[in-house]
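Each chain carries a letter (A, B, C and D) given by its place in the written order, and its residues are counted from 1.
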Amino acid sequence: MRFFSDNAASVHPRVMDALIQANHQDTAYDGDALSARLNGALSDVFGTEVEAMWVATGTAANSLALAALCQSHQGVICHREAHIEQDEAGAPGFYTGGAKLMLLEGEGAKLEASAIEAHCAAIRDDVHQVQPAALSITNASEYGLVYSPAEVASLADVCRQRKLRLHMDGARFANAVARLDCQPADLTWKAGVDVLSFGFVKNGGMGAEALVFFDKDLARETHYRRKQAGHLQSKGRYLAAQILAMLDNDLWLENARAANAGARIIAEAAQGRLMHSVEANENFIRLTAEEAAKLRASGFDFYDWGEGQARLVTSWNQSADDIRPLAEAIAAL
Amino acid sequence: MRFFSDNAASVHPRVMDALIQANHQDTAYDGDALSARLNGALSDVFGTEVEAMWVATGTAANSLALAALCQSHQGVICHREAHIEQDEAGAPGFYTGGAKLMLLEGEGAKLEASAIEAHCAAIRDDVHQVQPAALSITNASEYGLVYSPAEVASLADVCRQRKLRLHMDGARFANAVARLDCQPADLTWKAGVDVLSFGFVKNGGMGAEALVFFDKDLARETHYRRKQAGHLQSKGRYLAAQILAMLDNDLWLENARAANAGARIIAEAAQGRLMHSVEANENFIRLTAEEAAKLRASGFDFYDWGEGQARLVTSWNQSADDIRPLAEAIAAL
Amino acid sequence: MRFFSDNAASVHPRVMDALIQANHQDTAYDGDALSARLNGALSDVFGTEVEAMWVATGTAANSLALAALCQSHQGVICHREAHIEQDEAGAPGFYTGGAKLMLLEGEGAKLEASAIEAHCAAIRDDVHQVQPAALSITNASEYGLVYSPAEVASLADVCRQRKLRLHMDGARFANAVARLDCQPADLTWKAGVDVLSFGFVKNGGMGAEALVFFDKDLARETHYRRKQAGHLQSKGRYLAAQILAMLDNDLWLENARAANAGARIIAEAAQGRLMHSVEANENFIRLTAEEAAKLRASGFDFYDWGEGQARLVTSWNQSADDIRPLAEAIAAL
Amino acid sequence: MRFFSDNAASVHPRVMDALIQANHQDTAYDGDALSARLNGALSDVFGTEVEAMWVATGTAANSLALAALCQSHQGVICHREAHIEQDEAGAPGFYTGGAKLMLLEGEGAKLEASAIEAHCAAIRDDVHQVQPAALSITNASEYGLVYSPAEVASLADVCRQRKLRLHMDGARFANAVARLDCQPADLTWKAGVDVLSFGFVKNGGMGAEALVFFDKDLARETHYRRKQAGHLQSKGRYLAAQILAMLDNDLWLENARAANAGARIIAEAAQGRLMHSVEANENFIRLTAEEAAKLRASGFDFYDWGEGQARLVTSWNQSADDIRPLAEAIAAL
């Protein structure tokens, strides 16, 4: 059983069905009937008029978002362990023509308003130092913690004062919303988010994420940048189909709830080992090399997270029955 | 009936089946079993060991290829009507950090060795002028003409003398091979091509092209650039599956032959109107506004190609029966 | 005697004196007393409040200007023989992160409104084609012709309609103003120019050009970009000193008039050979290889401008007596 | 008296004289007699054949060096307080198209081999993480400490093992050599340095630094990049003249010794306040706000270096008599 990453999971049958249903001729690029429904469907989810685009990867969504917020000579504040810093091969630098990621610390890969304020205050307002233009936060965070609407709003306050735009990397946005049981609006534009990378690939999709602009002026140039970056697919209707299937009947929430529930089962078994509270679909646990080897010998696959630590990710398609053997194996260590 | 573009066609059932077959958990990115087969399958097609990568779009394939061949201060020679110049929103400039496309003329969007040689000879070898580093040709060309192996080789000769690397944009490579009835090897590495964008999307795929390096040293850095550009999909196995399905039993050639055959039917009906000889799956014909309106009124959809001209593209999924009504309507004009 | 280029000439003694006078300790970067006077001095010249920056080269001035006007996915319209296209090693592409130069034709390296309008009209307004964002013209042009205020205004009209910003490469702006005997204001902001590269190096300076923004909003980010590009010199006061010395008592016009007058002497002798009318300080003449060799044998140095053609540039420091021998030699051919 | 920065000092009279001597017509760009002497003069200084270029600023020198060593998707390891990170407005990111600076800690802004090794060891060798391609160290460091030849060599050892190229930011290279009383060769290529930014502006120059390549293959493309970045000055002979004047009779060492000696005078007076040992021409001292105000009231100008700290920089043109009043004022606090 694999707990390596939710991005290794299969595609949800309803997403697959949607691809099959979409398989007829239609206009290329954004000109098809499914793509035409995207803004509306996402506007419904967020309770406000948004402008959205499908892209194939979270890295593309994040980078296009940052390129809309930040110029080459500016900076993006983020957590030192943010995906954009750790796992995207320098994509933000490439997309912005050299903008700098400004790395802050914070428990559980979450940032606090005070840290952002302190960082900004320490930057001289002259041309020699890179000036920050945006803040990027990840919700759920890289350690599976969630920002509440109030927490996002407190960060947005600093942004307003410091003239920063606010991006949310929502590769696991669904898991955050599922955990918080809140309205998507409350966690995003109502809290001050300008643009959201809304992930589906880790949550049952195949190769489609939504880049959602709450500030539509920001979206305008991004249509060109998406094409310039080679991310406008001619058969984009198959990406739109995935997203629409995920939104339909809140499949995205259903899947996220399942993944989160699975993580709870492990968390209960791993109580004393937890390095972070388990709020989404990830467990980070202390595990000696011997213990790790033992689990692997029993057929469990996962990610070594530095020495003596492991990451266990649950996916939409893992049932309680699938997960219980791992929980028991951990408890038995 | 749509003759607007082959990129509006549906996905071939065997490609769809491959996606369904691939729908189980596997390692993310390039780590899965299908992606692992890609180099081998393409090496078989080309009769030499190649290094290949899946990407979602032709623009991505072309841009990553050019970024491997050309630095920011250098240039890429191509036809003035090349897709990389006309239809990719400046992608080559973005991917190379500013390299210049050097635009040459040539019948039917094909380049001749003499034009390339003349262009190179006119550039002063100093730091003020951009020096060309690569040649990019499209086969089949933007006007549906094919370069024969001998023609490619003659261009490659100039490249060798002028120290240019050679890229082939093969968005319709299948149509060219089908037309020439040659070995893929003869049209590529044996003729001097360094890297090929091998298109499948226009030929029955959904969202997967193969970027094929015949010079494996060039491929090395491209793995990083693909990720940096957001083109490494975590569920890449679904792209590998498409390409493998297209290669399996030469489906790519079967589809291309069908599309080419369709174009021939139109070409025969449109004899006196043809602006270019019809070698692949595109007809460019003279058509007055009134004639165009008449065809559209009869339910035929196509692209206006400047004043008094039209482009008619046939696709893998259009049978002779599908196409005959258009041919007859044209003949009846 | 050298007629190769005005950028090979020596530095005017009053500029040299200004450097010597400036040689004491002062605040670095833009913080010194001389740099503080720059905006005022140039605002006086242009009769309106401008925001200006010193940079060392025309290429830097042009590139920073274009980077302020044009994003990576956009284009800059210019003449095919513009300096930014021919002689700057791809600098505009580098500074803009890949923007495209869109090359138009026009007599004497000058553009006409109709050509710009036709070019814009032919671009589809979609994300596949690069959309132009700016027009760059050179005054005096690469062939030593000048745009009159009315001509600039007619181009600016198209710019307004097509939402293009207007840049003037004024490497030889002084020669143009001297020829036209007009107010600098009439040739720039009153005619619709947004930003001017105001050259001094070819006109008696050592290594200082002024980048002059008539739209001050455009200037704001350029201060950062100048630093990011390594063009903010710590001892910038020595650049400010040069520019101020050139402006003082209209030395820039005095020098330009001298250079223009020199070109007239040659032009009169070369009547039947002229390829362009001689309006600034450059003669482009028909000259066989034998004739060219003969002139060189007599000690005259100049630039071969393609086959059977030569460029002869006069400089601020060449008197009528200096130039007459060349004129006579040409007349005697 | 100003102790704010050595880059505010005046230009040495012999440099000024050299400019005056150079003031006659000569070929533009690198074609003049002085530029032609640059490689030879610097090869003499370093006891090996080098390829060198003049540029106007240290930021340009550093950025061009890094662009030669590092691609967009790679990283440059440097100290968190390195000038390239703190004071160059994101220039490395711009010049490399997005490469990442990887920030390490170390006493006195110096790096140790173990820190570099640990950093490299922690990076997974996959395409998701940015891979380092170069190390950049500053000698003398941002806190006025020097790396000895042995220390540089120990860093170069790690570089060799980790396949990193080694850049030295030598904005105050002269001060380091003067302090170490070593051969320039020992501190650079013999110790493993690939490219050096050799500063003159802070040491009596006006606007010229030398970019010195010990690996000549690396230099080749940089000639193009320098032009593309707008850093090839047409009257480059005035930059060459400065550098040659600085090298002539070891003026660069004479000036650096003077500045270093001045710093020693302050250091002795400020013993108990020193935050770092004083090895070059900078004192970093603990100073309360009241003390700072008192010194300023007495006419001394300097840089506040965070709370309770000050930076005092001595320059080539400050004699012991100039400096003693500051030393006495500090001692009297």
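Convention: a residue touches a chain if its C-beta (ideal position, glycine included) is under 8 Å from a C-beta of that chain, and two chains touch if they have at least 3 such contacts.
For clarity, every value in this text was computed on a predicted model and none was experimentally measured.
Participant: By mean C-alpha position, what chain is farthest away from chain C?
Facilitator: A
Participant: With contacts defined as at the top, give the pair, B-C or A-B, that has more of them.
Facilitator: The comparison resolves to A-B.
Participant: Using the average of all C-alpha atoms in each chain as its centre, how far is it in Å between chain B and chain D?
Facilitator: Averaging C-alpha atoms per chain gives centres 49 Å apart.
Participant: In whole angstrom, how far does the Cα centroid of chain A sit from the Cα centroid of chain B?
Facilitator: Distance between chain centres, rounded to whole Å: 34 Å.
Participant: List the centre-to-centre spacing of chain B and chain C in whole Å, with centres computed as mean CA coordinates.
Facilitator: Chain B and chain C have C-alpha centres separated by 42 Å.
Participant: Check each residue of chain D and list the ones that touch at least two other chains.
Facilitator: Chain D, residues with two or more chain partners: 72-74, 88-90, 94-95, 97-98, 127-128, 224, 227-228, 232.
Participant: List the residues on chain C that touch chain D in their complex, please.
Facilitator: 2, 4-5, 7-11, 16, 19-20, 23-28, 55-57, 59-64, 88-91, 94-95, 97, 201-202, 206-207, 224, 227-235, 238-239, 315, 317
Participant: In the complex of these two chains, what residues of chain C are touching chain A?
Facilitator: So the residues of chain C in touch with chain A come to 29, 71-74, 97-98, 127-128, 131, 221, 223-228, 232.
Participant: Could you list, by residue number, the parts of chain B that touch chain C in their complex?
Facilitator: 72-75, 86-90, 92-101, 127-130
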